[in-house]
């Protein structure tokens, strides 16, 4: 039984077919990259998997169970966490308090998680992810944090949720090389601890280094699938997407 | 001849300093890059040059929010425009493409572009429209889509289109490549060069990952923590090992 | 029935247009709408009856005066509150109250405050007698809507209006001055409002209380239609207009004010941002 | 406690930005001025002047919470310490709530509201509410209008009616009574429509009425928009007589406002004293006095009873010989005087209405006739003309 | 260049609380902290019990309105900007009146019961609208009370246009004042506690970004229900209290004024601060009464003052005062200032 299996997923908006019969699957403990030109339906696919949109047809089988169309919060509680392309922190809360919200979720409770001090726990998670604990940064309201920290905060949320399947939507965009270089190992570490990851990315070089499998979308359709090495060689991919050498 | 020169610019958000005695200049017909990491003050710089900062400041003052203080001067074509309101600056030819593509979400693509042609005549609008559609053929196919519902990258293209519609002489692009796929990035970079040649635009562009820009910029500034860190011609930048590593990602491969 | 439903709808539309244009453009919910409406009517009355001016002069003057008041309200009050929606609502609402209650305090109550119809008399349409004033209203409504549609979608200023409504800072960065545009939008909204008053009020008595009702009606129409759409206002006005007439005809006239509100609830529950609105989808786009 | 030299304070809480209340206050002032001019009120062996303390309650305006109106009442009571209260026209809800207040502070009051539950509430605890009196009663209206209908039936053979009312308890109550009357007297009631306060399009009713060939449109309204009803009636040339109660058409000024659109309308004035009745001199006298002091009366109903209220109150005070509230209340119950609305006497703390001003208070029905004259047509004791068909029926 | 100066704002150099341990060094500092907290409590106590009777009534009503404002502010900070607080007020008022009138329960049962039942009904009323956002939600809340008012008017249930009167009165002025003041402070401190707790942060998050709340595994609908329940319970209590205070309830419990007042108070006092709305209510309530002497023009003056106030101090009174109290401003030499962190 596959860990996550997408079958003939389809979503249209008015006349626009955003996702067109896309199928792929992800094995537990691997990293799947989804790439494709702008508007090819990557974010929509993510939304369909995580319950932010309901598919017109098709199935999302998570550990054998069809979760398509469930409410987002429910899916999150089943163990699928996601980040947003446009960061969505809670602007009025201090950074570490941002994590209190996921720590309240039924999932965290069920995981035997963190009773007691949510604040320290939040600070621990933030520290792991690059917020210097003793600096003022974790205590600043999210509204004045620089973009790089906000991206990390998105990541911290799924970590706090202890999600087993994590979907990153353009995590790297807007980050400096140095930041990417510091986040990549964290992602690798997540995989090592048994998490499964789906990454939607335009920063191919960094992605290809850590991905096990790549799915390429174009105009809502899957046009290629395979290991990074195979993908790079495919002419159709080059034409549709890469346009430049790596 | 220096088209834009920013002298000793200092910007405070309340007590925090975002730009610290920064001076940069842009000559006519140049493409100048401003490169810096997150929160280096790039957006603050661009907003100050385009004048949006004045509006933000006013609004913050009115509602008793944080106090923004701006010092130093911004000169454009030998005229001090430090206190000129943004719409006046657009009339003089400075247009900004804001970061993270804030487009007119409820209008369709074409309307977005027409709105931005506010200051031009009907013919000019037509002309600029075709320029934009030439640059981003994808937008032409999406003319009737509501901008707010488009994908991140599509909105980014539109945002650049919007700035072009203002027919600027000095175009300010704030992280224009963010969220664009590699081939569109390449297309855009090409297009920028083409536009510059066609329309005699001068371009100031900020980016934190600067490799796609290498082919087109003439000069560049590196700013960090709001301060000038390094500057020089394209080659000088490219030859500096630190800059290379941090912003072009060139040596990153070999690590 | 059809005829009166139609007329009723057009009246609603006229009432709502002023509000809709201001909100649609500058995102200022002008809660002094009712105040302006009554003010427009009473100024006309004053010019006509007390000063003895010719009808059209007095109507024109009052429309202009209300327009100016709208613009001044923006210049003096609203500029300082841009972006603080609730403050705007409270500030405009207080202004509306000031206008209405001042009029009331100055003695505008009773039945003598009544503008004469433009042309007296009535004609038969489909076997129903209809006062000529109502026909004038319908024609004026149609013309107004057309003008407005063309204005908003096909003139530069109209486009600028739409831009400012959606993304003030982006509009600013391409050279549109939001303050100017918003001021104009308020002036226009007020003018529409006064125009509606001049046309509609001769059908009844000018009563201060009606100012409050008008506001609610305008709000209901705009919300059902979706806030950013002129077409929405038209459609919503017709929906409510006919539902009102139908209820009073076939169910009970006592429910005429409940049913439209209920239908508004239903519509919102089905389409959370009104019939033509897309704001919810846009906001939820992730 | 009647201190020497201090005037008697009459509290007048009302919503003065309604013409009923505004004119009511003028009528009260008129009465007070008359009495003061005659040297005041004899309390025991001292002559005391009257003084009015009015307070704005705003209760007739929309969106005003009950608490606000009651607080105004309390402010009046606590700060101005009125000896008695003449409550001008008031929303029913406010009167009913204020009764508890007046009971609590023991202030004799005569109220002028349409609250149909007044009597029920009074009877539920006559001891507690012994200080509250009311001058208005809608019950007798049906009888009066019924007689008018019977007359039209006799003269013109009318027997089809359509009822339209404002959706307020008092109005619907009257309309229900009228409906029953029609049924009992062999009329056909084609339709019964209720309009909420503020409605401004009545075409559907009129269309239905026209289609059914109705001869009488019976209506009860007191909102300003109801003038529109009559206009639409005229515009649509509905061939039916308009009869009932429409307050915008009540006053003498209605003709200037609406012009000949209202010709032929039959209207009932709840309290006949507001018409210059030729056949009942006190009414005419009040009308002339009012006109002399304040000019033309804006409204066509209410002020007369307010005026009578002052006299009734003053009479009770004089008879009681003190300002003790309980004594005044006792004496008020015994009131029997000639007022401009007829003979004023109370039953269950409420004016008694009848058909002869020499015996009871009366309502008067009149018709608008050419030249803007209000011609009383009912009751017979005061009638000066006969009912005529409107132009649309000729 | 170096002659340019800017005004710098810095916090007063009192670091009062670190991890729940107060480390205050002098009486002055203690006073600095304690006075702003004690002053209003004592002030209101004095006000509530020492002014003349009529004003005491005003104060009691002000307390109640203050609670309405608090409830509004709480809901608004959860992203539920309501324009129809009167709805909750009226539902509470009618519930408690019904319980008292039809079931004959005594006052100390009918108020709590009315509050509870009212809050449940209110939540149920609003539930279908929870999917709406921003102005659409506000509009629906504005519309529902108007509708219910009409329903009461046309169907004549619950006393129809004349309302239910003759309800049980509070035993005395002392008790009313005490109850209302206690309730006010309980609401105020309760809500403050709540907002500052981890649980309360969810409500704040709800306003900031409900999508992200969903992505954190929490059902937004469920938490909005909780927020509405809490908010409406407060208003229902107000309604229930006022019903008994005036011994009657009527359609005007749905009056728009009751919806507007809390918003006005919050805007004047400063939204999202809880103390602000309270301050606003304490200013506006008596102000409105004091203006009664102007008779018919009272509302005009009131509205004009309100408008002027909002325009001159858009941020609200409380944030302004708090800033002035907690921060000092001084001129420093501009460029050259050092960044704080």
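For clarity, chains are labelled A, B, C, D and E in written order, and residue numbers in each chain start from 1.
As a convention for this text, contacts are C-beta pairs under 8 Å (C-beta built on N, C-alpha and C of every residue); 3 or more make two chains touch, one makes a residue touch a chain.
These numbers come from a predicted model, not from an experiment.
Novice: Spelling it out: a chain qualifies if it touches subunit A and also touches subunit C; which chains qualify?
Specialist: B, E
Novice: Which chain has its C-alpha centroid farthest away from the centroid of subunit E?
Specialist: The chain farthest from subunit E, judged by C-alpha centres, is B.
Novice: Which pair, C-D or B-E, has more C-beta contacts?
Specialist: C-D
Novice: For subunit A and subunit D, what's the span in angstrom between their mean Cα positions?
Specialist: 74
Novice: Report, in whole Å, the distance between the mean C-alpha point of subunit D and the mean C-alpha point of subunit E.
Specialist: Inter-chain centre distance comes to 42 Å.
Novice: Taking each chain's centre as its mean C-alpha position, how far apart are subunit A and subunit B in Å?
Specialist: 29
Novice: Going through subunit A residue by residue, note those that touch at least 2 other chains and give them in order.
Specialist: Each of 43, 52, 84-86, 88 in subunit A touches at least two other chains.
Novice: Touching two or more other chains, which residues of subunit E qualify?
Specialist: Where subunit E meets two or more other chains at a single residue, that happens at 150, 154, 211, 256, 296, 299, 314, 341.
Novice: Mark out which residues of subunit B touch at least two other chains, giving numbers and ranges.
Specialist: Within subunit B, residues 62-63, 149 contact more than one other chain.
Novice: Applying the document's contact rule, which stretches of subunit C touch subunit D when the two form their complex?
Specialist: Touching subunit D from subunit C are residues 1, 4, 8, 104-105, 109-112, 114, 122, 128-131, 203-205, 207-210, 212-213, 244-245, 248-249, 252-254, 256-257.
Novice: Residues of subunit A touching subunit B in their complex?
Specialist: Residues 13, 16, 35-40, 42-43, 85-86, 144, 146-149, 170, 173-179, 181, 202, 204-205, 240-244 of subunit A touch subunit B in their complex.
Novice: For the complex, give me every residue of subunit C touching subunit E.
Specialist: Listed in rising order, the residues of subunit C that touch subunit E are 29, 76-77, 80-81, 84-87, 89-91, 93-95, 97-98, 101-102, 104-105, 212, 216, 219-220, 223, 227, 252, 254-255, 257-258, 261-262, 264-265, 268-269, 272-274, 279-280, 283-284, 286.
Novice: What residues of subunit E sit close enough to touch subunit B in their complex?
Specialist: Listed in rising order, the residues of subunit E that touch subunit B are 1, 4, 6-10, 313-315, 319-320, 323, 334-335, 337-341.
Novice: Across the complex, what residues on subunit C touch subunit B?
Specialist: Per the stated touch rule, the residues are 80-84, 153, 156, 159-160, 162-163, 165-167, 169-177, 228, 278-279, 281-282, 285.
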